[in-house]
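Think of it as A, B and C in the order they're written, each chain with its own count starting at 1.
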C-alpha cells in the first residue's frame, strides 16, 4: 500500500469518530439547562416573550434537539460554524483570531518539552543509576506532579513579581513580533513542563530497554565508538515508542492551554473555551471541541507516519 | 548398526545412582524463597524502595490530617471528635470577633497566614485534603472497575463486539480529558458528585484499553484454552483465569492516575468550575488567589495564599506518583528475576 | 606465542541475590588459525567468557582478575579506545541469535559497511563494494540487491550468514562464535558450520566456537575446553575428548547424545540441573550430579591436573579437574568407552575425526545447494 493511500484511508476512518464526537458533544451541551438567551433575558428584563422566541429562532435555538443538530450540521457543511452570541460574531473568524495565539503557545511548549526531554532522557538512560539519572528522575517526577496552573502562578510570583524580569501579563503586541518570544517563555515553560517530564520518562525507559538488547552488544563488538552506538543505533529504535507518546501528548498540550491561558490571561482558544463553557456558547463549544478532535487525530496520524519512517518493519497495512 | 564407522558409546555413567544415594552434602537445587508468591515478593520489593515508602508515609499522613482536621458528624452523632485544624475552614475570623484581617502573613497563630476573606489558610489546607483525596480515590476505584469489565469483555469476546466497543473508546480518546470534564461539569453544574462523575466519564477508557491489551495477551495462554475446552462458562473463564493475570498492570495504572485525577479536580476548581466558590478545595482556593497575584494587591504580595494550597496538591500528587513508581518497579521486578540466575546472559 | 592467552580469568556479577561468579580461574590458549571449542550447558559461563575477551561484560558484571593477552598485549590493561580498535577489527564476534544481533532499523549492508568504514577507513563506495563481496562470500545470493534489505527481510539462515559476514568484514585474527547455529534448523546449521569452517581457512582466522552441542564441536574444532558452573573441568584435543573423556561431566555429556539405533529404552541424561551460580555446591560443584562422587568431593575442590600424572597442568595441556586423578577418591571412575566397529583401545591414536553426531544428520551437505529464500514480505 502506498503512503498516500494509507493516509487517505486513515483520514477517512476519522470521519465517523468526528461525527460521533459532534453528536455526543451536541447532546451533552443541549442537556444543559439554560442557554445564552436565558442570560440575555435575565440581564434585560424588558425583552418580551415574543422577542425572546424571535431571538431563539434567529440563533437556531428553537425546535427539538435533533432538529437543531441537523440545522447545525448542514450549516457546518456549508462552512458556517454558527455564532458567538455574546459578541454577535461568527464562530469561524472568532476562532481564527485566537487560534494563532494557542498554536504559538502550544508549539513553544512542545519545543521546550522536546528540547529538555530527549537529551535528558538519553543522558539518564545511558548513565542509569548514577547521580545524574537520579536527579533527572526527580525532575521528571516533579514535572508530572506539578499542577500546571500552580506552576504558572509560582512562575509569575517568582519571575514577574519578585525578580521583576517579566510583566505579570504580556503586553498587547502583535503575536509574530520578536518581542513576543520573550513573553512566551513563562506560559511556554508552564505548558511544556508536564509534557517534557512525561516524554523524558518514556525516552529514558525506552532507551534503557533498547540498551539491553543484543544488537547493542553487537554494535559495540564491532568496535564502534559508544557515541555512534547510542546516537545511531539505539536512539532511532527508542524514538519509535517515543513518537506514539509524543502524539498522545498533543491532547495534553490542548488541555494545558485551557488552564495556562487562564493563568496568564493569554487570549487564545483555551481561554475562549472556558468562557464558552461559562456562557453556554453552544456553537463555540462545538467548534472548539471538533477542532481539537481533528488536531488530536491528525497528530496521531502524523505519529503513525513518522513511526513507519523510523521502523522499516512497519508496512502501511 | 555395527557397520557405521567411529560410533562412540559410553556405558557406566549411572544416572540412577545419583537419585538412589543419600545426598552427599546438604546442597539442594531448590533454594528457599523461590516459593514466595508474586504479591509477597512485590510487597517485599516495595518496602525496600525508600522513595516509595516515603510517598506512602506522606499520603497516609495527609489522609489522617484530612480526616482529623475537623470533627465528623454522621446523622447528629459525632463519630470523629478531633479537630487538628484550629478553625472551621469557612470561618471568617474577624466576623467571629478575632483580631484578624485579610491577607495576614504567616505567623504562629496562623502558620499559613490568612486569605482574602480573613480565613485561616492552614485550616483550609488541612481540611481541603478531604475533597481532593476522596475524589481521587473514588474516581480511580470506579474507573478501574468499569475499565476492567469493559476491557475484559471486549478483549475476551473479540470480533464485532470488540470492534464496536473499541470505536466507543476512540470517541473518548478524541477529546482531551479536561475539555470533556469541563463540558460535563457545565451540564451537571458544580459539586462534589458532579466532579466524581465528570472524571469517571473520562477516566475509564484508559483502563479499558489497557485491560483489553492484557486480556489479548493472556488469552493466548494455554490454561485459558484448557479452561474453555473443559467447558467452563465465559464469565467464569474471564474472572477466574483471565482477569487475575491482567490485574498487576491495572494496579500500576491506578496508582499512577490518582495524581492525575487530583490535579484535574484542582484544575477545574481553579477554572471556577469545580466546587462552589469559597469551598476549601485546593484548586478552588487557588482560583481566588489568582486575581491577587495577577493584579498585584499593591504593597506586599500575599504569596502564602498561592504557595500553600498548591504546595499541598504538589506534595500529594508527588507522593502518589512515588508510590505508583514503586508499585510498578515491584511488580515489574519479577520479570527480571531470571537475570540473577547463571552467568549466561 | 599463542594468538590469545587467557590466564586465571575471574568474572563476577553483582546481582540483588548476591555476587555471582560467572567465570572462575579460567585459563586457555588459542593459536593462530586454530579452531578452539568451548562446551558446556547454558549457564556454564561460556558467553561471559566470550564477552570478557572483548571487554564487553555488561554493567553488573566485572572482570575481577586475570589476564587476557591478545598477540602478547593485555586487553584488560588497554585504554578503552585501544580495545575498540581490537573489537570487530582483530577480534570479531558472531552472536547466537542473528535476529536480535542485527539492528532492525538499518539495512544489513549498512550494518556491515559501517564496521569497514570505521576500522579500515574506507569510503562509502569502497565499503559497499567490500560488503557486497563479503555477502557473496558467505553465500547470500544476489548480494547487490540484498545489501539494501532490512534484517526482517532475511530468513534466519540468511541473517546468520550476514552476521558472519559482519564478523569477517575486517579480516579478524580471531572469530568468537557464540552458539552460532543454535537458533537454526539442523539442515541450515550444517551448511553454516561448513561455510564457517571454509571461510576461517580462507581468511586465516582462528575460531573460538562456543556451544552446548558436542556434535558441533566434533564438526569444526581442533581442541576443546569443557566448562561447568564457571570453571574449566576438562581440556583436550577433540580426538582425546571423544575417545577418552576424563571428567565425569564430559562422560555424562557424551552419554546424553542421542543415537539412531540405540537400544536403550530412554535417553541417558545427566541427573539434575546446573547449579544456580549464586549458591554453588561446595567442593567439586558437579558432585550432586555425579554418579562417581564420594564424600571427599563435597570437601575438596579439584584442580585441573594431567590425568596421567596427577600433576598440575599448564594452560594448553591435556587436563581434567577430578579428584580421581589426584588419588583422593576411594573408588574409580568405572565407565567404558566403546567404539563400534573399531578397537576401543586404538581409538586415541586415530587421526580421522570421530562422529558422535546429534541425531544422525549428515553434516557434509553441499553448502552451495541452498534452498533458503527470502523471508516473507
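Going forward, contacts are C-beta pairs under 8 Å (C-beta built on N, C-alpha and C of every residue); 3 or more make two chains touch, one makes a residue touch a chain.
From a predicted model like this one, the values you see are computed outputs, not experimental measurements.
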Per-chain CA centroid nearest to the all-protein CA mean:
B
Between A-B and A-C, more C-beta pairs in contact link A-B
Would you kindly tell me how far, in whole Å, the mean C-alpha position of chain C lies from that of chain B?
49
Would you kindly tell me how far, in whole Å, the mean C-alpha position of chain B lies from that of chain A?
24
I'd like the Å distance between the centres of chain A and chain C, where a centre is the mean of that chain's Cα atoms.
55
Identify all positions of chain C at which a residue touches two or more other chains, and write them in rising order.
51, 58
Overlap residues in chain B, where contacts from two or more other chains coincide:
none
Hey, which residues of chain A end up touching chain B in the complex?
16-18, 20-21, 24-25, 28-29, 31-32, 141-142, 144-150, 153-154, 156-157, 161-162, 168-169, 251-252, 254-255, 258-259, 262-263, 265, 273-274, 277-278, 280, 285, 288-289, 292-293, 296-297
Which of the residues in chain C come into contact with chain B in the complex?
11, 13, 15-17, 20-23, 42-48, 51, 58, 61, 230, 242-243, 245, 248, 251-252, 254-255, 259, 261-262, 268-279, 281-283, 287-291, 293-295, 297-298, 334-342, 352, 354-356
Complex contact set, residues of chain C against chain A:
51, 54, 56, 58-59, 84-89, 92-93, 95, 97, 100-106, 114-115, 118-119, 150, 152, 163, 166
Chain A partner, complex, touching residues on chain B are 167, 170-171, 173-179, 182-187, 259, 263, 266-267, 270-273, 283, 286, 289-290, 293-296, 301, 303, 306-307, 310-311, 313-314, 317-318, 320-322, 325
In the complex, go through chain B and note every residue touching chain C.
1-19, 23-25, 27, 29, 31, 339-345
